[in-house]
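As written, the chains take the letters A, B, C, D and E, and residue 1 is the first residue of each chain.
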Amino acid sequence: MARSSAQTAHAVRKFALGAAGIAGFLLTWQLIPTLGIISPEFLPYATETLARFALELRDLEFWRNVGYTMTAWFLGLLVATVAAMVLGAGIGMVPFLRRATHTTVEFLRPIPSVALIPLAVLIYGIQLQAALVIVIFASFWQVFVQVLYGVADVDTVARDTARSFALTRAERVRFLVFPTMLPYLITGLRLAASVALILSVTAEMVIGNPGLGKVLVKYQNAGDWVGVYTIVIVTGLLGLVVNLIFRAVERKSLAWHQSIRAEEVL
Amino acid sequence: GCTDTGADTATEPSGSGELTKIRVASLPIAETGALWAAIDEGIFEDHGLDVEVVPAQGGAQAIPALLSGDIQFAVGQPFGPFRADLQDLGVVVVSNYASSLPEGKDVNAVVALADSGITRPSDLEGKTVSVNSLGAAGDLTIMKAVQDDGGDPATIEFVEVGFPEAQAQLDAGNIDAAWVPDPFMSKIVAEGGTLVVHPYQVTIPGLPLLVNIATQKLMDSDPELVEAYSTAMAEALDWADANQEAVRAAIVTNMEIPEAAAAGITLPKFTAELDVDALEQLAALGVEFGVIESKPDLDRLIKQQ
Amino acid sequence: MTLYTSTVVVPRTRSRAWKRVGESMLFALGLPFLLLVIWGISSSIAPAQFFPSPLRIAQAFVNTWVGPAFVTDVLPSLARLGLGIVLSVLVGIVAGTVIGLVRWLRELLEPLLEFFRAIPPPVLIPVFTLLMGLTDSMKIFVIVFGAVWPVLLNTIEGVRSTDSVMKETAQSFSLTRAERLRFLVLPAASPRIMAGVRQTFSVALILMVISEMFVSSSGLGYKITYFQRNYLIAEMWSGIVLLGLIGVFLALIFSVIEKRVLRWYHGIKEVERA
Amino acid sequence: MPETLLKVEHLNKVYESSTGNVEAIGDISFTMQRGELVCIVGPSGCGKTTLLKCIAGLLRPSAGTVELDGKIVSGPPANMALVFQEYGRSLYPWLTVRGNVELPLRHKKLSRAEKDALIDDALLAVGLDHAGGSFPWQLSGGMQQRVAIARAVAYQPEVLIMDEPFAAVDAQTRADLEDLVRSLHRERGMSILFVTHDIDESVYLGERVVVLSKSPTWVQEDLAIDLPAERDQITTRAMPRFTELRTYVYEQIQRAKRGQAVRPTS
Amino acid sequence: MPETLLKVEHLNKVYESSTGNVEAIGDISFTMQRGELVCIVGPSGCGKTTLLKCIAGLLRPSAGTVELDGKIVSGPPANMALVFQEYGRSLYPWLTVRGNVELPLRHKKLSRAEKDALIDDALLAVGLDHAGGSFPWQLSGGMQQRVAIARAVAYQPEVLIMDEPFAAVDAQTRADLEDLVRSLHRERGMSILFVTHDIDESVYLGERVVVLSKSPTWVQEDLAIDLPAERDQITTRAMPRFTELRTYVYEQIQRAKRGQAVRPTS
C-alpha cells in the first residue's frame, strides 16, 4: 500500500524535525559558555556534558539511580492517576459533590508539595513513601482538574442517548463518560507525568532517598557542574521518553478523536 | 566495558548478626568525611552498631525524621536543635561532632571578589551577602563580626544562596560577598578572591559546627543505644581528628571530588566535647539580633553523655 | 412566512436571589467547615507537634500575616504571581495556538518542550539567576517557566481537535486567518484552554513559592520555608492556609472569567440538564 | 384490547435560560394506545422534539404530566428506544458501527450469538451489513442516520420513538425503511411515535396523525387514518383516500404555520 | 452566454484510513454552466457530499481534476458558499444566530448598515427574524438548518452549493425555501449546485438533474429538465411533464440503488 510508505516518510520527517529542534537547543547551549555569557565553569559546554552523559550511561550505578527515580515516579503517578480518575469522575458526575467540594479543592490545590516535605518525613521518615506522598499530592491535581473538565464535556445528545437506552451507570461511565474525558485525561497525564518526575527528583534532592536527585545534590556539593547538568539532561530525556510513550498511547486510544483523525487526512 | 561506581556502597559490611542497625542523618558535605571514614574503619561495629548514613538535606528534614523514629541520630548545625527546643519538640544534643578552628585558617569564611573593594567586615555594610540558610550561625556571626568591626549590621542584605552556587553568583555580580565553607572557600580565594573574615573564629572561637542530635524519647526508651552511639562517636571523632588522611580519602570516594581538591579542604576539629559556653554565646547572639525570640533551655537541650 | 416564538420573561424575585446566595455560601463553606471541625477534634484528642489545632493556627495567622508582613512579604509575592499568571496564560495561548496549528512547528518543538518540562525548576533556578540576576523578573520567569505548561498543552490539544465540519465551514466561506482564529479556533478550544488556565493558576502559585525558596530573602514562599526550617509549625501552617486562601480567591476570579468566556458552553450543558 | 399506553395531559414546557425564557410547548394533551403507530407533524420549531423528550423522560415538563403505562414518567423508562433528530451526535465516535448498535444490548441478558444475530439483522435491515467495522465519522449522513435506526431496532423496545428518522436518506431507502417500520409495528406489535415532515409519509405510516400548531404549541388536529392495515408503497399511495387524507393534513399544516387555527378551549 | 463554470473530470476519491480504504467516488465527469441550477441525486452513501467537498476545495481528489472558472481548484474559492449536510455542526455554538450569519460577511467591505440589511433580509427569508439573538443550540433542528441557509444567502456568493439543505424542515417551509432558491437563481443569476433526496424537489428546482450511481460512483444520468423557467408550487407540480420527469428520475435512482445501471466506458 502507498499508505505505509507515506507514513514512514512522515515518521522520518517528524523524527528529523524533532531532532533538529534538540540540535538547535544544544547549539544554543554550546554558545552560551563559548560566548562567555555564563562562565564555562558554572555552565559547562554541551559537548562536555554529553561526553559525561555517555560515560554515565555505562555505569551500572547510574542505571540503578534511574531505576529508583522511575520507581518513585511510576508508583506516584499510578496512585495519583487512579485516585484522580475515580474521584474526578465521581465528583464530576454528581453536581452536588462538585459544588460541595469546590472550595476545598481550590484551597488544597495551590499548596506546594515541597512545603509538605517535613510532614511527609515526619510520618514516613526518610523513605520512599515520603517521596511518594509528595509526588502523589502534586500530580493528583493535574489529573483531577482535567478529569473534572473532561466529565463536564459529555455531549448532551450523546448523554440523552445513553439515558434513553437505559444504560446502566457502569456502562455510561465505560462507554460515554470515559471516552469523552479521555482526551482531557491524556493531557492531564502528560502534565502529571512531568510533574511527578520533577517531584521525584526534587524529593530525592531534599529528602535524600536514593535516586537521581540524590546524585544531583552530591554533584552540587562537590561543585561538579558537569555532573549536575548531566543529571539535568537525564531528567529532560526521561521526560522526553515518557512523553513518547504517552503519545503512542494517545494515538492508539484516541484514533477516533478529531485531533488524531485530522492528522491522518492531511 | 561497564562500570559500577555504586558497587561498594551496595555491599555494606553486614558483619555478625548482633549488630544494632541505626540510621544517622548527615549532609553530604566534607565534614561528614569523619563519619564515613570511621564507619569504614569499623569503629561503630566495634560498639555493636551498624550505621547507615542517610543524607538528609538540612535540619528541616532531619528533625522530623528523628521525631518519626525513622532515624535515630542526626548530625546537624546547632541552630536546628535550638529552634526545635524553642518549639518543645523534645530534641536533645548528645555530643559535639565538629568545631570551627579557634585560630589559623577556619573552615568557612566570608569571601568577595578582588575588585569588590571589600577587605574587612565593616566593608560589608550595605552590601548583599549570601549565606546558605538565613537566621542561623552564618548570618549571626557575620553580623556580630561587622558590629565588632564598627559597621552597622542592619544595613546588610542577606540572601540565601546554596554554597555550590555562591561562586557563580559572585561572578555574575548578583551578590557582593558570600559565606562559604571549603572546598568553595579555598577555590574562590585561590582564584583571586578576597578572604574577608572567618566569622566563627572572630566572634565565637571554636564554635561547634555540627553536633549529634537525638530525641529525648530515644534517651528515655533506649539509653543504652544512645550511650553506645555516643561512646562510638567520641572514639570515631578522636580517631578522625588524628587520621585526617583517612577522612580526606573518605571525602574523595563519597563525594566524588578530585583528590587535589580534597587535599586542600580545611578540616574542622573533630571532637565529641561540647563547648556549652560557645553555644550559650550563639544563642545570645540569636536573641540579640532578633533571630530567635528567647534563649533555648540549654539545660534541657544539652544531654552531653 | 414568519414563525413566532413567545418569550416569557419571568423576573427573578428578590427572595429567590437571596436563597441562591445563601445556598452557594452553604456549598462553599460546608465542607471546609466540616473538615475544620474534624481537624479541631482530632488535634484536641491527640495533640501532635506538627499538627496544631485550628485555633493555634488562626492565632499564628493573625500574628504572622496581619500587619507589616503583609506589605513586605505577601504583596510583592502576589504582584509577581499576578504578572506570572498573566504572562503564562498569554504565552501559553499564543504559543499553543501557533504550535497547534502549524504541524511542522509542533514536530520541531515538541521534543524540546517535553525535555524542558521534565527538568525540576529548583535545578534551573541557579542558571536563571546567573542569566537574569537576583531580580523579580527572574522569579517571574521561574513562575512562567513552570506554569505555562498546562495552558500550553491544553491549547495545543484544543486547537488540534477543532471540529472538522466547523473548520470546513470557515474554509468554505474563505474566512481570513485572523477571523478563523478569533471566531473558530480560539472559541472552539476555549473549554480546553480554560481547563489549562485553571491549572496554571494554582501551579503558578506553587512556583511563586518555589521561586522564593531558593536564592531569596523575603516573600511568602521564603517565609514558609523559613518557618519550616525553624519548626514554627503553626506559623508554617498559617502560611499554607494563606496559600490556600489565595488559591480560593484566584479560583473566584477564575470562575468569573470562565463564566464570561464559556457562557455559550455552559449554556449548552446547563439547558439540557433542566 | 385497546389499552392506554401513553397519556399526555396539559403538557407545558418553558425553556429557561439566561438569555430569556422560551415557551416551547403551550398545552398539549393526547393519548396513545398500546400497539399504535402515531405520526406527529407540525411546523418547524413547534416543539415536536421537545414533546418527544418529555415523553422519553429526558426533559422535565414545566407543567402537566406524561403517563406511560399508568405511571408518571420521571426518568427514561426501560423498554423504550429513541432515534434522535441529531443522529450524528447521538452516535459515539469512539465505537464502531457494530459497537454503537451493540451498546444498548450490553445490559440485556442475551448470549453472544443472540446479540450478534440481533445486530446483524438490524444492520441488514437498514442496508449497512457491510459497514459494521467502520466508525460513524467514516460514514455519510444517511448512513449515520441508518445506524441510529439500526441501534433502536436491535434494542427491541416496546415503545419506539423516532424523530425525523429518514430525513437524510434517499427516496428508495426511505421507502424501504418505511416498510421496515410498518413491519416492526405490525409483526412485533411495537408502539411507535413517529415525527416526520413528510406528509405522505405520515399518512402512509400512521394509524393516527397528530398535527401540532405552531409555537406555543397545542394539538391542532388528531386525525385517524382509515387506510387498510396492510399497506404497500405502490397501491396504498395510489388510493384516492390516501390523496384525500394527505391533502387534508397539508392544509392543516399550512393553517398551523400561518397561525390561523383557533386554540381549543380546554 | 453559456460559459462553463465548473468542469469535473474523471474525479476519483479514495478515503484512506487505518481500517481500510474506501473508494467513495469511482469516476465522475460533468460540467456546469455559469448561472445554472443543477440538482444532484443519488443513493445514500454514494458520494454526493464527497463530490461537493472536492468541488469546494475542501478535499483533495485522489485522481482527476475540478476546474472552476477555468482554474484548477486547490483550495476553497472565494465567492462560494456552502450549506453543509451536518448543519448542526457547521454553526458555531459560541455565536448567536446573527453572529453566525454575520461571520462570513466580516471580511467583505460593507458598511455596518449594509451588513445589517443583508443579515435581516436573510433571516427574514428563512423565517427566523425573531431568533437573531438566540444561540444555535437553543433552536430546533429545522431552525438550525435555516440559519445555515441564511448564512449562505447573506454571503451573496456567485456559486452556492447546498447539501440536502431542507432535510429538517416541514413541508410548507420547504416549499417556501424552494421558491427562495429559485428566486436566488433567477433574480441574482446565482449558480447553484443542489443535493437532495427528494425527487420532486430536484425536478421542481433544477434545470438539470444529475443522477449518481451507487458507490463507487459515476454519473448514471444527466437529465435536462425541460420545464418552463417560471415555476410555481401548484401549477408546475401539476404538469404532466413534471410527473413524467419525476417518474423517470425515480426509476433511475431505483436502478442506481440496485446497481443495475451499467457503467459507461469512458
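Observations on the model:
Operating definition for what follows: a contact is a pair of C-beta atoms (placed from the backbone, for glycine too) under 8 Å apart; a residue touches a chain by one contact, two chains touch by 3 or more.
Predicted, not measured: the structure shown is a model, and the values here were computed from it.
Top-ranked chain pair, ordered by C-beta pairs in contact, is A-C. Greatest Cα centroid separation from chain D: this falls to B. Centre-to-centre, using mean CA coordinates, chain B is 83 Å away from chain E. Averaged C-alpha coordinates give centres for chain A and chain B that are 37 Å from one another. Chain centres here are Cα averages; for chain A and chain C they lie 19 Å apart.
For chain E, residues that reach two or more other chains under the stated contact definition are 17, 86, 89, 135, 138, 143, 172-173.
Chain A has residues 38, 42, 118-119, 122, 160, 205, 257, 261 in contact with two or more other chains. Each of residues 60, 64, 67, 162, 165, 168, 172 in chain B touches at least two other chains. Against chain A, in their complex, chain B makes its touches with residues 1-7, 23, 25, 27-29, 54-57, 60-61, 64-65, 67-71, 162-165, 167-168, 171-172, 183-184, 187, 255-257, 261.
By the touch criterion stated above, chain C contacts chain A in their complex at residues 24, 27-32, 35, 50, 103-104, 107-112, 114-124, 127, 130-131, 149-150, 153-154, 157, 160-164, 191-192, 194-195, 198-199, 201-202, 205-206, 209-210, 213, 221, 224-225, 228, 236, 239-240, 243-248, 250-251, 268-269, 272.
Against chain E, the residues of chain C that register as touching in their complex are 1-5, 163, 165-166, 168-169, 171-176, 179, 183-184, 187-188, 190, 264-265, 267-268, 271. The touching residues of chain A, when paired with chain D in their complex, are 155, 157-158, 160-161, 163-168, 171, 175-176, 179, 182, 256-257, 261. Those residues of chain A that touch chain B in the shared complex are 38-39, 41-42, 58-61, 64-65, 117-119, 121-127, 205-208, 214, 217-224, 227.
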